[in-house]
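Shared chain: subunit A. Partners: subunit B in the first complex, subunit C in the second.
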Partner chain A sequence: MHELLLFASVPAHQHHELLQQLAGLTAMQPRHRLERRLVFKAYRKPGLVTTRVGASQDVQGADMQRLNKMLNGGMYYTQVVGPVTKADFGPTSSSAMSASHDADVSMSGTDQSSYCYDNQPWRLEFRDIPEAGTRSAVTTRLMASASLPKGDIAVPMNAWGYSFVTEYMVEGDVFVQNDIVIFLHRVLLYPQAESQDSHGPRQQLPAYHELTPLERTGSYVLQAAITVQDGSNQEMMKTASQHLFGLREQLKSAVRLEQADRLSLDTRAK
Partner chain B sequence: MSDSFTLPLRPLLEKRERPDTLPQEIAQINAQYGSFRDVTEESLRAKIAEEKNKDPWAEEDEAEKPTAEVDTTERMDQLYKRRAEITQFAMQAHMEAQFAVDFVSLLLSKHAATARQAELSMSPYLKQVAPMGSLNAEIVNPPPKSEAALQDIKTVSRGWRIQNFNAAANKLLRSATRLETEVKSETKYWDEVLAVKNKGWKVCRLPRDRQALGVQYGFLEATPIFRDRGLAALRRADDGSLLLDKGLIPQKVRTVRVRVKTQGQSTGCSKVSWSLPDADSIEGRILQARDTVYEEELFHEMVREARIMGSQGVTTRQNLIQVPVSEEQEVLLDLVDVDQGEPADTEMLSNEHDTIADAVAHSVRILLAYAHRQNLRRRTQPPPPLTPKRRHVPEYQLLRPVMAYLQHTAHVRSLESFMGDIVGVLKSAGLRCGFTSAPFSSVRLPKVHASVPKVETLVKQFLMPFESTFTGNLLTPESSFCVKVRTNTVSPPSGTFYEITVNLPHHPEVKPPSRIGLQTEAAAALAHFMLLDIVTTISNKGAKSPEGTDAGKGVLSWEAAYAHHGELRALSSSGNNKKMKVSLSREELTVQTYPLRGADVSGRAEKGKSANPRHQSWRSDSSESRPSLMEFVEEVSQDRP
Partner chain C sequence: MSSLTPDQIKTLEQSRQRLVQLTHSLGSLITSLNQSDPLPSWTSLQSQATIISNNLLTISDHLSDNRALLATLVAYPAPSYPARNPANTVALEQLLRTKLDPRVEDWVARGRKAGDTGPGQGHGLDDLAALAALWDWAPVEANLEARRRNWGGNFTLEERERGVGNVVTGLRRVLEDDDDDSESGSEEEEGEEESGDEEGEGEPDEMEVVGVRRKSGVAQGLEFDIAPAASGHAAPLTVVAPVVPLDEILRFMTVGIMPSQR
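Showing the complex of A and B:
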């Protein structure tokens, strides 16, 4: 699948107004979305890679070649996305509580968050670096998503050769206009953890108001995305970008949607 | 400053102190008409009449002119002539203006300050003919005018001025009144627009006509052609009242009418016209427009759905959908104008199915609203990736659930009445048997689910296949039956199916057919199981008494010979062999006995012995008391011919 994107930066004071405008444009109420995003980095497990493929009379040449290509291909960062709700966040007072204490309280407490890490659904999102040298004025990149097992995701991800890097929260609203998914969102960072072990996703969520926006001014990002099943179908890609341009034209007086800097969306792991 | 400050626009005419003008007027009359002595009433009347007659004449003369038949060619000529005249006048005016310009230019060219400009506006001809600055103007003292002439000029100019003032005042006042009415109508218009907006209608600019306002009354989730029709312009009539301008869409109010036909005769019709509280108000008209667009969409969608239901006997005409419900009943749906929708009394046989028709009419509307909600749900979900294949919009489920419901009801009713009849027959024969029916046992009131509105879960129940169950006990203990009636018209296999399960311990080999589609087949199968059960009961009864005592007491014991045909026989040691035949139908239960010779079943009555075949039947409706089946069996079981 391919993804075609346009981005715009929305200052905080314009956020409310833009929400209204988008609601009018798409004739729907915004769908609020809160997502935990875990960043994983692929690494090569030592000893697994066998670059030598024996002699030339190898029978399984084609298979081995493909396997080798897969094993020695580029390494990428991937994201694991888990939807949460506001009710999942911790109570406002429990900022100082340790993880184990939290677990105790949540078993007995009444107003505690019902967040259960073991039931957290996950989705793997792979995004390639945007295609270079396209003349079109949209960001195009290869993408794939897959659902993952619930619960502690670090273990299976580790087993697949990914190591946990960091995590953050995305908060925003989704609109759908025909084939375009409009996501007006911003990135929130977790408070600086004092006792958090840095290797692994959090088991508990802090209070919502403790999250701080990555962008200090609190501005949002407007992302208009359209996915195309077959990226090699030029016709479809053209139609999709036409749709995006149509949206850009419609939103012209409100925001300026434009292509993103390719290298800023680089997901390759070096 | 007070608001009522007024400024007189008309010039004040000061009344001069005039000398009495009566003597002058008398003198004038005398001069004009002669002496007063000649004035009589008749002459005055004649004069008045003459004046009266004259006026219309003069008018008629003028009116006649345009009506005079003018030939088209003549008319063309006239037209050309007039046009030529107009151009001529224009040319002339142009010439004169040119002359004037030349004249002034020549005059001005004398002065150095204006010479350049004057040269520019001079015509080339004049430049050739007359040298620059060759014309001068000087002020000459006019000869003094006479006092009378001066007075005249003064009076005339004063008159002119007054006339002009008057004209200006009139114009001002007229435009003031025009503005006033304009403001009034504009206020009225905006008040009404506001009223519409305050009622909750969405008022917006028209996308194509940016100057006009429009009101959105349609349904956002409807099919695009109907969605786009849900917007009408709010235009202003001359008096400021609001006009709903729907463009090219006819103004008729249309609605879907449902009729029920039983055996070819109309037996029910849904209500067609609802009287809106005030149909002529703008709100009423918007409501009507909204209803019409909804009804037309409803019919459009039903026709679309009916086309894929052709295999189930649904037929469509240009403006009619026929849905068969049962063998004798069908539902007709059509789109009619509200004012002519009521069927004539002559074509209506009865009104007994009005309720059904109304219920169907309401259901399809509710289902369309449900489909709209589903559309909204689908639209606001993240879309699947773009593919060259276009997403097919599935037909809405409007007729299918209704048809399924009606068909299911018909099937369940008929089975229920069949069972009731059979049980009645058995009861009259003194047999205990009962059944319980659970119509629509599959429809359960849904659990409240937070993410889906209650209404939707409620409607959703009726889009599932319907199922009803009948359960009952048979005569022999431990034997029972269960019938499940399933109707499904939404997904194949469509139609109604009966699933019969029986528990006959005495006939373990008996298996009901797996899928029964016909009502008669299901009834026949059930009757057959009942018959088997009766046969078992009779043979069991004999077996109850110990075998050894049978012969001694002269009581025969029956055993099933051909249970599936309802045949039993009793062998007697004394040769009084008998055969019994039981038959069961929904009307009656019949038992016949024949004497048998020996063990030979095919043998018939003996020659010498009086073959007295006995016969007894039970009907559910007969009131006369008869021996019960068991008594009868006991009686015929006596070991005697």
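Showing the complex of A and C:
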């Protein structure tokens, strides 16, 4: 599958207005979305060719095998995305601090949050580096997604030759206009805990208000995406980019949708 | 039914000749535009246009001179006319039309319209003195009208006098009438304007240019009224440009490199 993208930076003060504009444009209410995103980096295990070790028993579909092949072919960063809800976050009371400590130190936290790491569903999202030298002014890249087993994902990912790099939270709203998925989002960082090393994903979530935006001013990123099943179909790709240009034209007075810098979306692990 | 006198036939002949001339000159203009490469020089175009316009003038004169005759003439086919020949039939139909050709009808309608609205009708451009007087009058009047208003704010003076609450704006949000104090005196207003200027020099705060007027007294130069952003705003949104560029955010999202680490 291919993905065609346009991006725009949205200053914080414009966020609310843009939400309303998008709601008007797409004639739908925003769908709020919170996602845990884990970044994994491929490393070449000596002797690892196609061995698939453990924990992948319940997903052995055809696309899983294809994905496996793809993942072992090159060395890429890849993302594991898990949807969460606000209720999953730690309590916002005064015990928040101790709770977040507990989260890092032990799994048997005494907080009342319903978040259960073992039941966290995950989705593997592979994104290639955007295609170079495309004539059209949209970012085009190969993509693939597959659902992963629930629960602790670090072990199977390690087995596949991926090491955990970092994780963050993405908070935003999704709109859909025809074939375009509009995602107005921003990156939230977990509070820095002293015991936090890049061992693996968190078992517990801190209180929501402890998350800090990556961008200090709280600005958002507007992403407009069209997914094309058959990327080799030039006609389809052209139509899709035409649709994106149409959206860009409609939003011209509000934001400037642009092609992203190719290297900033470089997923190759060097 | 009387037959035509030689004079009348001569008149008809003349009309025909002049129309043929006009057709010729129009045709040559069209061919020169269509075929010559590069386009004919503007002098030759102009001379051709002059010829055509002279042709038109003579035809127009001729037609109006012989209006009485031409308006009463009726054409009909003589029994000897070889109407069986299809080519002749076409000519016959053309000659016996009582209405104009649809194309020609359009042209005539357009011409009539142009004639109606043209300079012949109103005073238009002919009356240069009146035009100049209008130009003299208009800027001053517009200026006076503009000065009568206090630009800025959400309501006009009339609306405020009648009571701001009665104004139907059609807006859901409540417009602040932040201009109340400006009625108390013009000095205060001046002060406001200055403070607005100061604000403008500092942070890129919200401001809007609300009015432009000629500087009083001096002939040239414009004055801008800069109204400070409505201070009564419920929560003044600070305009802060994003610090981290989009690329850095995307890079972090992709590979987890913190923006500061590069």
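By definition in this document, the second predicted complex is superposed on the first by the 223 of 270 C-alpha atoms of A that agree within 3 Å, B and C clash if a C-alpha of one lies under 4 Å from a C-alpha of the other, contacts with A are read in each partner's own complex, and residues count from 1 in each chain.
One rule holds in what follows: a contact is a pair of C-beta atoms (placed from the backbone, for glycine too) under 8 Å apart; a residue touches a chain by one contact, two chains touch by 3 or more.
From a predicted model like this one, the values you see are computed outputs, not experimental measurements.
Partners subunit B and subunit C, brought together by superposition on subunit A, fit side by side with no clash.
Contacts of A:229 after superposition: subunit B is touched, whereas subunit C is not reached.
In the superposition on chain A, contact is made by A:7 with subunit C only, not with subunit B.
Which of subunit B and subunit C touches more residues of subunit A: that partner is C.
Residue contacts after overlaying the shared chain place A:41 against subunit C, while subunit B stays out of touching range. After overlaying the two complexes on the shared chain, residue contacts for A:66 are found with neither subunit B nor subunit C. Once chain A of one complex is fitted onto chain A of the other, the partner contacts of A:174 are limited to subunit B, with no touch recorded for subunit C.
Of the two partner chains placed by superposition, only subunit C is touched by A:266; subunit B is not.
Looking at the shared chain after the overlay, A:240 reaches subunit B, while subunit C stays out of its contact range. Following the chain A superposition, subunit B and subunit C show a smallest Cα-Cα distance of 5 angstrom.
The part of subunit C that touches subunit A in the complex is made up of residues 237-256, 259. Here subunit A touches subunit C in the complex through residues 7-9, 11-13, 37, 39, 41, 77, 127, 165-166, 168, 170, 187, 214-217, 219, 221, 260-261, 264-267, going by the rule given at the top.
Touching subunit B in their complex are the following residues of subunit A: 1, 27-29, 31, 174, 176, 178-179, 181, 226-230, 233, 235-236, 239-240.
Of all the residues in subunit B, the ones that touch subunit A in their complex are 220, 376, 379-388.
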